[in-house]
Structures are given as structure tokens and as C-alpha cells.
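Presented below is the structure to which this report refers.
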Amino acid sequence: MLEVTPGWYMTLAAALFVLGLTGVLVRRNALVMFMSVELMLNAVNLTFVAAGRAAGVLDGQVAVFFVLVVAAAEVVVGLAIIVAIFRRRETASVDELAALRG
Amino acid sequence: MLTLLVLTPLLGAVVISLVPARRRELQLPLGIALSAAPLGVAGAVFVSFEKGEGSFQMVEKMVWWEPWGISWHLGVDGISLGLVALTTLLFPLSLAASDAITHRRKAFVMAMLVLETGLIGTFLALDLVLFFVFFEVILVPMYLIIGIWGGERRVYAAVKFFIYTAVGSALLLAAIIALAVMHASQSVEGALSFDYLALLDLEISSTAQMWLFGAFALAFAIKVPLFPFHTWLPDAHVEAPTAGSVLLAGVLLKLGTYGLLRFNLTLFPEATVSLVPVLAVLAVVGIIYGAVVAIVQPDLKKLVAYSSVSHLGFVVLGIFALTSAGLQGAVIQNVNHGLTTGALFLLVGMLYDRRHTKKIADFGGLASRVPMMAGFFLFMAFASIGLPGLNGFVGEFLVLVGSFPSLPAYAVVAAFGVVLAAIYMLWAYQRVFTGPLTGMANRKLVDLSPKETAILSPLAALVLLLGLYPGILLDRTAPSVEAILDRIEQTTDYQVPSPGRLEDVFASGSGDGEG
Amino acid sequence: MSPGAFPDVAWAGLAPELVMVLGAVVLLLLDVQVKPGVKVLWRSASAIMVIALALGIWQWIVTEPGGELAFGGMLILDPAAAFARLVVLVVSILAISAGRSLFVQLGNRAAEGLALVLLASAGFVLMAASQNLVMMFLGLEMGSISLYILAGITGDGVRSDEAALKYLLLGAVASAVFIYGVALVFAGTGSLGLVAIGGFLAQYLVLSPAVLLIGIGLITVGLCFKVAAAPFHVWAPDVYQGAPAGIVGYMAAVAKVGGFAALARVLLSGFGTFRADWALVVAAIAALSMMVGAVMAIISTDIRRLLAYSGVAHAGFILTGLASGAPGSPSVWFYLAVYTVQLVAAFSVISAVGGAASSGSALSDYRGLYRRSPFLAIALSVSLLGMAGLPLTTGFVAKLGVFLQAWQHGLQWLVVVAVLASAMAIYLYLRVIVTMYMHSPTTDDPVGSDRPTFWALGFATAVTVVLGVFPQPLLKLVESAIYL
Amino acid sequence: MIELPTEALWLVIAFPLGGALLLHFAGRWLGEPLAGYLASAASLAALAVAAVAAVPFFTGEGHPSQSLLWEWMPAVGASFEISWDPLSALMTLVVTGVGSLIHIYSVGYMHGDPRFARFFTYLNLFTASMLTLVLAGNYAMLFVGWELVGLCSYLLISFWFTRPSAASAGKKAFVVNRIGDFGFLIALMLIFSTFGTLSYTGVFDRAAQELSGWAPTIIGLMLAAGAVGKSAQIPLYVWLPDAMEGPTPVSALIHAATMVTAGVYVIARSAPIFELAPVASGVVAAVGAITALWAATIAIGQSDIKRVLAYSTISQLGYMFLAVGATAYVAGVFHLMTHAFFKALLFLAAGSVIHAMGGRQDMEEMGGLRKAMPVTFVTMGVGVVAIAGIPPLAGFWSKDEILSVVFNQGGWYTALWLIGLITALLTAFYMFRQFVMVFLGKPRWPEGVTPHESPRSMTVPLVILAILSVAGGLVNTPFRLGLEHFLEPSFEGVRLGHPPEGVGLVLVLAALAVGAGVVGAAMAFFAYHRPPEAWRRFQSGFGKLWGWWENAYGVDDAYGAMLVTPGRRLSEQTAFGVDMKVVDGAVNGVAWLVQATGRLIRPAQSGLVRQYGLWFGLGLVALLIWILVRGVA
Amino acid sequence: MVELVIFVLMGSGALAGGVTVVMARNPVRSAMGMLGSLVSLAVIYVVNLAHLVAAVQVVVYAGAVLTLFLFVIMFIGVDRAEDTSETIPLQRKLVAGLALVVAVGAAVLVWRGRFSWTPAAAESVPIPNGTVQALGGELFTTWVLGVEITALLLTIAAVGAIALAFYRRSGKASAEK
């Protein structure tokens, strides 16, 4: 019978991570980009949990807790910036923000 | 005493900085007076220098950056002595010739004094990092002197000067680091050391010597400048103010030849011996090339600049001749070139101050209007051409005769440079000073003022003195030069050629000898 | 450790951070309740910083050479961390001194701004002292998020917002990459503490190191992003250009300190046994950074972008020291200490010239600056010459230090690349100096600088020159800042 | 008679040198004519010292001696040392003697020139330099004098520097000389690397031991190259005619009597080396002979009074070369001496003429000056006869000795003898042609010219030189070889070329030489003692040849087209093509490359945050791949 | 067996949610995809005995964070389908290439057998049970500093939100328009 080892979860996490990264790269809506970042962080969390299980320690789950908080804090600040930008520019597309370059 | 010598100009710069801006009239005279102080100290050094001694004298050593074994280590020997004296001499003179600098004069005087400290320090440093520090620091005041008080394209010239030199010294730094690390791996305590005297004891493999030699040589070749690294020089000279040109030609270029002589020959003797053909070819090409290019230059300063390329080629040839005469010639030619070319730049500057042009075509027949100036110019031109009895000849002759036993073919080609020197110098003199007086502006020229005469006279006197009695320098140089050659002979299988049948000379020479 | 036991807390070891954090909170509360003037807030923040610095010096003195673990192994209070703290604090004090006009312009947001500076500094210090990778992540985020906000805090320009958003988005990705690397290292070793990881790796031969290697790679990349090393540097010019002038220097400096401290600790004390695997990668990043930074800076026309790219190059130089392994860490610290001071000084001048809240500083604005304000011009020149590594400035000593280390540890090729890059870099600093001294100004209006800026710049200039000539004290100091 | 130690001989140089220094700094203050008198006095003082010092050689008691003044460049064995032997004594006497006369002459000649004092400064400096050359006991010191006389020649040729031609001529003289010096310098290098010293004693004493194979030949040829430049032989003679731009006393002193003979002196001095190098000697002789003929033909076609003399000088120098090349060193030096007398005389006389003609030098404008300038007429006549080789004047004895020695060498030297003989004929022809054109016939003076005899200060030297030209040859006649004995100590151990033994043959040869002279003189007389139209007819009889002579075979133009113009073009190409475009272009190219690289990668910095993310991702993946490939694979 | 089923189901759910986030044209749909993904992961956490984490995942993530997202989406009115065509040249191709390289790289690693997720020293260990008590004990002893920092992080976030968005409206008139 197939046993689901932590490796399976971690593989899934890896896929999610790459998916999230892809999302950041292909979407131009800043909000969706943030969601993709969240996806990446979720992949990280899954890895932590699975790795913690494999190692038999709780540290993995503790780490998830902190990553979660960081994600939340990032989202708050990010959304604040997006709102601020939207007030001025009426857009959430990052492609239109390219005044700084060269 | 040497520390005093290095720091006196710096102290002078501090003093100048304290002069209030409204006492403008004080700045230049005070600067001249302050730069005369190191001249006095240098004079004392010269007098107390032991003649028969080949090693370093008046050595001072203090720990500086201890964790890395870097020390404030100064010393003087026959190779640096003349250059230090030359440096201290040229500074008061070129400051005195800087009346035309009216704009930001205080800063100018300060830059000059800082430059003097750097130059003296470079010649005296016996710690490689200390040397490098001075070597690099010089760039800043020189850069400012060209870039702020220079001619129309001053910025381009200044930046080119700075970058070119900096690129050259970049690899020098890497090589210095390599030496220090090598010292760490070879010494018992495993400590880094940048001490020149300690590094002399290193055992460096042939391959490593090649690389390190290359790095050192590149830095110095750019500074000399050796063909084909010379193109910064004409630009820098043309744009620099008079004092800048004088010091650039008079002293800065000597850093390159001094470095080759001081470091390449002693630290990497094996590589030196095997790379002699490369350097000698570059030197000889430089001699001929510089002269050929100088002939048609339309700008007097450019002409003198290219003549420097040619003259410095002699110095390099003398160094890599690896004979006593060649090395002595190189050392004294360093000083000679500083005197004559310095004086020529002073003269061109005086002319420029009067006419605001350096174009040869703008002049003509000036000798009938300014005979004194013409006389000095001709005198210095002949010194530069290598007229026996004047100093230029002593250097060139020693180099040529000294390099013949080891590099016959090169010496012969180089000797042709002497012919070309006559062509470009005399043709320039002819076009500027002889013939009928042309142009309204030229008719109103006034001859040298007593002050200007006073500036040029000591140079002329030295030109004559060194031309007729070079022993004053050679006596002090010879032991140091012998020490270098002894070192090369001991560490490699090179033999300094001794006089003998020509067949033997050609057989032992570079092989491709010709008649 | 049984549940319910009193946590192991080394309060004294974190005294400076506590002061900063509490100070930040106090500032925020004061702002809400008392609404004091900006000047008062600024003075309070400065005072907090100075107290923190005093405590930091005390901590530096009492720190044991080997360091000690604190907070259940979360932190290690060793000389390297203590030194990082000193650097961060000095830089912070310089930055808020020179940045006073920015806070004045922020008006009712000044308290937030100052609090964020305090919090960010505390965050980066924690990051430098972290022994646990998740702690490191928290410190990193604490600092980074504060910086994201600071980048956009003026809010009176599109460019400022753009900078903040770019910084945040890319920073979030980099953070995710970093923490994913941590997760993979955790998967590969079963622990989050660097000492434990080091012990594990020393004890067991890792037969299939792929996960670990990927983890190390991801952590390295994440931190390289923070320190703006090529090719992970692309955000830096945009952010430096768009963020308010008064704070950019600070942002750049503390992020570099924190990032390099973390990178050094991770690579040297965690993965020291894997040096064969990462040294070359780090060296390659270093080489690329130096080259790309120098080349791109040369063609920049905005002085901030120029400094950003030059910062990329400097990241390369510092990585050169890092790639040399543990013995190189004193040289890394020396470099960081002197470079960040120069960086803050340079941006302080930019702030004085262009306005503290401004975005973007065209190089042409600096034409003839010497005539408009000799002091600012000289201060900027000294900083730039220091960055160029001209002898008799601290920059030279710093470069010499890292080069020596790299050469001693088998990275001769990197030293050659580095010296060439530094020669190239000289040109770009010269460009600025040329502009300031050798071009005539477009306007003759004098440029003023307020008293704190004057002192901050004076200090930075003096440090750059005095320590450049006599670096002995600082060299001695960093000798102990080594990762074991 | 007191005996002067060799150590004191530096005084010989010091007098004129001191005079030069004094005049340089105080000349303007001294003014005319005091400056001239002082300079003359300095020269005479040198003559006096030299004469006293030379007495032992006359009495046959003297020995060559050396005296070290000071070390110059010990590393190459260069020092200032004086060598005093009959050869240098003779040269010193000639230089100071003729020089003093010319000094005195110049006081009159330069009257009224604004730079009167400066002229005497140079003249004194020249005397000092020439004495340095001849008194040197070391090749390096010889070279000092060698170059300094070149310098003085430069200064004096372009004395009237506002004339572009004068300035140009001075430069040309110096540069062409430098080309010869190039050879000389190589010779010095070779000598040093063989002997380790440049001192005469060190070299000559060991020459036979150290030199072998081709070495002496090379050294000899290189020395000869220097001599060819200084003594204006083919192919480097072109500077001398132009040098006539200088004041006439200069032409007399430097470009006839003394400096140009330095080449001959050097070869004679280096006899121990040439002794070992017959090929080099042969080349010298051949060059001399060919130059003699070549220049003589050109002299025929000249109408400028000084140019005739200039080419004549070249031709006569050719004789001297022929002599020393044929190892007839004594004969060469003998001719050197007599030539110094009569050529100085001729030049000074020509100067007197020019002076009288108000600066005009074209012989076509002269004629019939006999009455106006009797002293000049007579003295110049003496000079012409002397140079034509008519006995018993000085030129006969020396020229005859040369020709007979050359003949006696046999082999291909016979051809050289023949050339010499033809040249003798031509010499007589062009000199008499000149004499006739200037002094005889009807005056062809332009308007406003009223020739008059020159002042006493000019005529007295003429007379003295005329006397010397008459009697000077008697020091070394086949009947009494005074000079040969006198010079013997200088050529110790050197095989000297000798005239044939048989009296009959000697007489035949002498008769041939005299005959050639007489025939030439007669031809000139008949061709030119007629109205100008008749000359022209005579001249056109030579067809194109005359044009070539007149134009000096177009050598100047040919050099211009073959060397000067291509040289300048090469220089321009190098300076503005290679240097600015290639060498500097490469430097700027590097800078451009850096910027181009920057511009190439700048688009990556597009400002688009997603693209930044992509770069981040690419870097990340690349790094991971690398680290994995290294660490796992 | 149960775990396998849950893994397959929830794993697919998480991936599908993730794909939705990336592909959906409407941000609201992305948010929904996100929700799906988060919840799926929460289930997986439960299977891995990470109970507290699972709870926090649902409460904080799905509850708070996602709500915040939705709120902002609505607030700034981008709750409509948007153009998802690529405007940056080569971006998609390069991204696809990147993903492909990662996939191939992973495959190569696995295929070469040089890949193992777990530590070399891992023996069979009991699954750590992430009860509230166990986790809380860890958090408030060993990790207490982290918890403190979390507080600071949230403070920073709050301050940031105020500084960036709140004052913007009430503060001085912005200079740039």
C-alpha cells in the first residue's frame, strides 16, 4: 500500500510554490500578485509542517505560525499601498507603474 | 628626517588653508615659501646622504596598520634621492610660475602642496601599501589641478588621466596583495607583510613572477607612459595649467620608471630577465614613435608631451638593459627629463600667459622680440635633444652605451631617436622663434621678467651642472644600482655583460643583433 | 523545557533593542495623546537612539568572544551581533540627524516615521543576532516591512508610491524565497537553529544533499536580494530613486547591514561545512555584482540610481570577503561599517540638495555644487572617494581587507575582477565630482544644510578620512567580529 | 723656455670658453667693438698657451701625454681628459691660429650688426668647442666637442634668424649632422662594449688585441658615418652649401677651416682602428674621391661666390678623406692644415668682396673688382693659386702628396687617384673661373654699388693668411718631411701610406697634378675672361650637364622627395591616423565598450516590476542549477 | 489509505485553487481560488496533526486575510474581468521556460535518485502532535521572543497602514496631481 510520506506533501508544496511564483510573474493586478505571494507562503507552510512531521519536532508548526503573521502584516501594508496608489491613479496594474527605470 | 620631508608640504597645505580668503595676495607667495621648506629638508637629506652606500639610508619605520603588517616605512637610496630632490625643486618653481592662476588660488596652492607630499612619499615609501597609498593619492590633486585650472577640454583630460592611471594601479594592488599573502605563507609566523625589504626574501615561482611582474609593469607602464599606453599624456599636458604640466612631466611620469626600477627588477628578477625583450621593444617603439608623432604636432605642449614619451622610452630601455651604465642612465635621465621638460613646459606656459595660445602656427619669429625667452627655450631644447655638455646627453648616452652590450639591436634603433629629437625640437623652434616676426599680437610680446628669469635660471644651471659633472648624482646612484644588479645576478642565471670581443657580445645579447 | 516554566529571557542582552522598541511605542502613544511638535519627537527619537547606542557599547564590552545563546537559542549574543548593532545604531543616528527636515516635512506622520526607523533598526539588529532561521526571518520582516512603509511614507509623489510597491512586491517574493529555503533546510536537517544545523552537518554525512543545497541556495538568494547583489538587485535603483531622499541612505544602509549579517551567519556558522558548495556561487554573485553595478552606474544620469548601482557593486565587494569564509568576516564588518557611513553621508547630501522628501535627483542638479555649497560638495566628494576606495579613506582599507582575505582563500580570480571593477567604478564617482567642481552651476542659489545634517556629515567625513589614515582602532575592533 | 704641464692645457679651452661666458652675460654692456677685441684676445690667449705647450714637439722632445680633468660618466668610461700629442697640438694651433685671425677679421666684418657681441659669444664658444674636440683624450669628450661645434654651427648659420632661409639652413645642418652622429654614437657603443672604456689610451693600446673579424670594420664604418656627416661628404654633404647663409667669417672658420675637418681628424685620430679595417678605409677613400669629383663639378656650375667656395670645400674635404682612407694620415692632416689656410683666406676674401658689394653674392654682378679692392684681389689670387695646386704654394704640396700616396697604394686606388687628378683639374677650373668672374673683366655692378677696399681689421688677416697659404706647404715637402716627423708620435704603430719610392715617379705624378691645375686654370681663363655672353655660350656647350651642375644635381630636391616629404607624411599618418585613431581610439573604445555594455543591459531595468521578478526568478533558477550540478552531480 | 485519499483530494484542491488564483481573469475569482487552496491545506494540516495551525489557517488566513483582500478588491472596484493578455515581450515564454526548467530539473533529480526530502539522520519518529497546549508551550517559552516580534510586526503593519493610507486622505494636499 502506498504510504503518504512527508515527501509527498513537500512535493505538493514545491508545486504550489512554483505556481505562486508564476502567478507573480504573469499577473499584472497587484492584488492578484499578492495572492500569489500568499500562495508561495502557503507552500512554505506546508513544507514546514511536513518537514516537522518527518523530523518529529514541533518547530515546523511553530514556524508556520510566524509565517502566517508575517504574511498578514505584508498583506496589510501591501494593500495599504495599493489603496494609496489607486486613489491617485485609479489602477491596480503594476505595468502602469514604470516611471522609475533605467 | 624623511618623515619630516614627507609631511612638510602637507603642513604647508594646512597653513595655507588657514589663510583667510580675503588675503588673496598672500596665498601664492606663502605657498612658494612653504614649498621651499621641503627643498631645504631635501637639501639636508642630499648632503647627509652617504655616497658609497648602496642600501637604504635614513630609514624610519613605524607600525601603521598593524593587523596587516603595514608600516610607515621610509628610506632613501641612490635611486630615489635624485627624484626627491627634483620634486622639491620643481614645486617652488612651478608655484612661482603660477601667477596666471587667479581663480580659486588658495585651493590651487593647497592641491600643489598635497601633491608634493604624495610625490615625495611615493619615492620614499618602503612599504608596498604605503607606496600604493601615495601612488594613488597623487591622482586626486593632479586631477583637480588639470580639471579645475586646465584648458578647454580639461574635464576630459582629467578624467582620462585619472581613470587610465587608476585602471593600471588596480592590478598593481592585486599583485601587492598577492605578495603579502605569499609572505604569509612563507614566513614562519604566517604574518602578512607589505614591507619591501621583507618581500625581497620571498621565493616566487617563475610563473607567479611573470604574472606579478605583468601587473606591476602595467601600472608603471601606464604611468611612464610606455607605448601604447601613452595617449592620456598629451591630453593631460595640453589641458593642464603650466604648473600641472611641469609636475606631470617633471615628476609624475617618473613614478612609472621609478616603480619599474625599484620593484619590478628587485622583486621579480627572473621575470625581469625573461621579459626584457618585451619591455625593451615597447621602450624602443616608444622612443621612435613618440618622436615621429611629435614632429607634426601643431600644439607646442603636445609636442613636448610626445617628446616625453620618447625620452621616457630611453629610461625604460636603460632599466631593462640590466647593465650598470644602463641603470645609472635611467636614474639620471629621470632627473634630467624632469629638469628640461619641466623648463620647456614653464616656457610654453610663459608664452601661453602672454599670447593665450600654444599653437605653433600662431607664432613666428619671436626671437627678435623675446630673445631671452628664445635663448632659454633653445637651451632647454638642446638639453632635450641630448647635446653633450647638457644633462640630457648624460642620460641618453649612458642608456645607449649601457644597453648596447645587452641589447645591441635595440640600442641602435633607439639611437635613431636622437636624430628625430633634433628634427622635432629644432623644427618647432624654427617655426616659433625664427623667421620674420609675424602677427600683431606677437609684436607686442614682452620678454622674460626678472622673476621668470629667476625661475628658469636654477633649472638652466642644473642642466649645465648635471651635463658636465653628473658625478654629483652618479656617485650616489652607482652603489644602489650595483646592488640591484647584484641581486639579479644572484637570483637568476643572468650575467651582466662585461666588455669583450664584439662577437661574444652579440652572441650573448638578445641574439637578433645587427651592425 | 516543560510547559509553564518561566521563559529563558536575557533582557540585558537585548537592552538596546528594548529601548528602541519601547521608545517607538512611546513615540506613537505620545503622538496620539500629547501631539507634541515634530522637533520634540525628533529629539526624543534621537535620544532613544543615543541611549540605545550607549547600551549597545556596553553590550559590546561585555560580550564574550564566543558569544552566548539567549532566548531559548533564538539569538546568539556574540561580538559579530554586537558589532552589527553598533553599526546599525550609528547609521541610524546619522540618518535621523541628517533626515530631520524629512520628518519636519512629514508633519503629522513624523511619529510614525520615527517609530518605523526605530523598529526597523531593532529588526535588523535582531536579524543579525538570530541564531534561529525563523527568528532571522522575523527580524528580516520587521526591518523590511518598516522600510517598505518608509519608502512610501511621504505619499506626495507617484514615484514614491511606485517605489514602495515595487519594493514590497519584490521584497515579499524574496522573503518567500528565503523562508522557503529555511523550510527546505529544516526538512533537510530537522532543525532551525544554526548551531544545531552546523552540528548536524558536522555529524552526519549528507548523502542526498539536494534539498539542503536548494535550501542554501534559496536562503542565499533571498538575502542577496536584501543586500541588492546582482542579479537580484533590479529593485534597488528604482526604490532608491523613488523613496524620499531623507531616508534612502538609511534604508540602503541598514538593509545591507542586516542582510550581510544574516548571510554571514547562515553561510559561515550554519553551512560552514558546505563552503565548497556555496563559496563559488557567492563569488560568482560577487563578480557579477561588481561588474553589473559598475557598468550600470556609469551610464546612470540620476545620482541616486548611480549610488544604487554602486551599492550593487559594493555588495559584490562585501560578498568577496564573505566568500573567503569565516576568516573573512572581520573584513566584511569593516567594509560594512565604513561603507554604510559613506552611503548615509552621500544620501544626506542628496537630501540637502534636492529636498528631504523628494524623489529622484538628476545628476545635472549637482552642476557646480561646489560653488553653491562647498561644505556639501566636499562631504559628498569624501564619501564618494571613500566608496571609490581611494587610499587614505576608509574605503581603501576596507577593499584591501576583503581582497586580502579573498586572495588568501583561493579566490585570486575574484580579486582580479574586483580590482578591475573598482577601477571602473572610480569613473562613476569621478563623474559626480566632475559635475560638482568642474561644471558651472545652472543657478547660483546657495544650498543650505541644517545643523544636524552638518554634524552628521562632518562626522561621516571625519570618520572616512581619519579612519582611512589610522584604521587601526576599527581594525582591532572588528577582529573579534568573527563567526564561529 | 718654460715647459707647460699637460694638466694646464685646460686653459686652452678655458680662455675662449670664459670669453664666451663673459660676452654672454656682459656682451651688450661691453658693446662694439670691445666685445670683439675681448673675444679675439681670448682666442689669441688660447693660441699662446697652445704654442707654448707645443714647443716640446717642435724640438722633438715631447711625448704624448694625457691628463684627466674629471670623471664624467665612469660607468661608460667617459671622462674629461686631455690628450696632448702632436696631432692635437697641430689641430689646436690651426684652430686657434686661423680662429684668431677670423675673430679679428670679424670685428670689421660684423661692424654695425645689432647682435655684434652675441656673434663673438658664439665665435668664442665655437673655438672652445673645437678645442675640446681636438684636445679630447676620450671619445666621449670628443663627442662633446663634436656636438658642441655642431651647436655653434647651428647658432651661427642661423645667426640672422629672421631670414627664414638662415633659420632653415641652421636646422638642416644640425639635423643632417645628427644623422652622421647616429653612426658615431653606434661606434661609441661598439667601442665601449669592446673595451669597457672610451679613453683613447684604453682603446688604442688594446685595439689590436680586442678587435677581430668584422668588428673593426663596423666600428670604422660607423666612425666614418659620423665623419661623413661632419665633413660634408656624400651623401650627407647637402647641409654645407646651405650653411653659407651664415656670416662669411663663420663660413671661413667653421665651414672651411676647422669644424668640417673634424671628420678627417677623427679618422686620423682613430688610425689604430682603421689600421685593422682596410675595408672601412677603402670606403672612406672611395667616398672621399667620389665626393671630391662630385662637388667639384657642382662648384663649376655655381654663380654664388660663397657656394662655389662651399662646394670647393666639400671637394677638398673629399681629398682629405681620400688621404686618410688611403692611410696617408699625415698627408690628410697636411692638406687639412693647408686647406685651412687657403680656404679661410678664400672665404675671408670672398667676405671682403661681399662686404664691398653691399651683401651681394652673385658673381654675375661683380667683375673688375681688381682695382677697387687691390688687397683682396692679391690675397684671393694667392688663395686661388694655392688651391689649384700650383707650386710652390701650400696646396700643391699637400695635394700632390695625397695623390702620390693614393697612386702608390695601387689596385683600385689607382682609379681613385685618377678621380683625384681630374678633380684637381676641375678645382683649378672653377677657382679661376671665380677669380676671373669677380676681379677681372669689366664691372657688372648693379646701380648704387661702389665697391671699396675693406678696413684694416679685415685685410690684415687676409694678408697673414695669404702668407701662410704661400708658405704653409713648406712644412712637409718631399725634400723635408717636417710634418711627418712632427706627427710621428701620434701615429706610432700605425702603418702610414707613403708616396712611391722612386724620384722619377714622384716627379711624374707631381707634374701630372700640376699639369691638371694649369690646364684647368687656363681653361677657366679662356672661357671666362670674356664678356658674359661668351660664358653663356661656353656653358651651353655642356648641354644638360651644366644645368645639373648649376642645380647641384638636384640632390636637395631628391632628398626632399625621397626622405623629407615621405617622412613628414609618415609622421602625420602616425600622429593623426595611428595615434589618434588607433591607439587612442582603442582607449576610448574600451570606455565606449563599457558604456555600450551598460546600454545593452539597461533595457532589463525596464521599471516593470513583473519583469524584475522574472530576472529574479531566472537568477534564482540559474543559481540553483549551478549549485546542484556542482554539489550533487 | 485515508491519508492517501485525503492527500489526493485536498492536494488537487490546493493546486486547483492555486491555478485559479493565477489564471482567473476576475480578482474575486482569484480570491475564491485562494480560499479553496487555503482550506484544502488546512485539511492537510489536520491530517499531519497540526491542529492549531489548521485552525489558525482557517481563522486568520481564510477569515481575516482573505476578507481583507476581498474588501480591497471591492473597495477599489476592480471586481471585474480584466485583460490578461501579456504586454511585456517574452515574459510568458520566459516564465513558461522557467517553470519547465524547474520541472525538468526536479524530474532529473528524482530520477537520478539523489533526492530525499528528509534528513539523513531521520529515524522513524512519532508524528508531533500540534495540540494547542503543546504548541502554546513551545510558543511561549522557547519562541517567546518570536511572539513578541509578531506583536511588533503587527504594530508596524498598523502604523504602516495608517501612514500610507489614512493620512493620505486627511493630510496635506498632495503636491503632485
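Each chain gets a letter, A, B, C, D and E, in the order it is written, and its residues are counted from 1.
The working rule: a contact is a pair of C-beta atoms (placed from the backbone, for glycine too) under 8 Å apart; a residue touches a chain by one contact, two chains touch by 3 or more.
All of these numbers come straight from a predicted model, not from anything done at the bench.
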Shortest path length from chain C to chain D (each step joins two touching chains): 1
Other chains in touch with both chain D and chain E: A, C
Farthest chain relative to chain C (centres taken as mean CA coordinates): D
Pair of chains joined by more contacts [C-beta pairs], A-C or A-E: A-E
Chain with minimal offset from the mean of all protein Cα atoms: B
Furthest chain, CA centroid comparison against chain B: E
Between chain E and chain C, distance of the C-alpha-averaged centres to the nearest whole Å: 29
Length of the line joining the C-alpha centres of chain A and chain B, rounded to whole Å: 64
Between chain B and chain E, centroid-to-centroid distance (C-alpha), Å: 69
Whole-Å gap separating chain B and chain D, where each centre is the average of the chain's CA atoms: 36
Shared-contact residues (touching 2 or more other chains) in chain B: 163
Overlap residues in chain E, where contacts from two or more other chains coincide: 88, 91, 95, 98, 102, 109, 114, 116-119, 122, 134, 143, 146, 150, 153, 156-157, 160, 164, 168, 174
Residues of chain A touching at least two other chains: 6, 10, 20-21, 24-28, 33-34, 50-52, 54-57, 59-60, 62, 66, 70, 73-74, 77, 81-82, 84, 88, 94-95, 97-102
Which pairs of chains touch, using the document's own definition: A-C, A-D, A-E, B-C, B-D, C-D, C-E, D-E
Chain D-facing residues of chain A, complex: 21, 24-28, 33, 94-95, 97-102
Chain D residues touching chain A - in the complex, by the definition given at the top: 602, 605-610, 613-614, 617
In the complex with chain D, residue positions of chain B that touch it: 160, 163-164, 227-228, 230-232, 289, 292-293, 295-297, 306, 324-325, 328-329, 365, 367-368, 382, 387-389, 393-394, 397-398, 400-402, 404-405, 408, 411-412, 415-416, 418-419, 422-423, 426-427, 429-430, 433-437, 468-471, 474, 478, 497-503, 505, 515
Complex contact set, residues of chain D against chain B: 70-76, 78, 80, 140, 143-144, 146-148, 151, 154, 158, 161-164, 166-168, 170-171, 174-175, 178-179, 181-182, 185-186, 188-190, 192-197, 210-213, 215, 218, 568, 570-572, 574-576, 579, 583-584, 586-587, 591
Residues of chain E touching chain D in the complex: 88, 91, 94-95, 98, 101-102, 105, 109, 112, 114
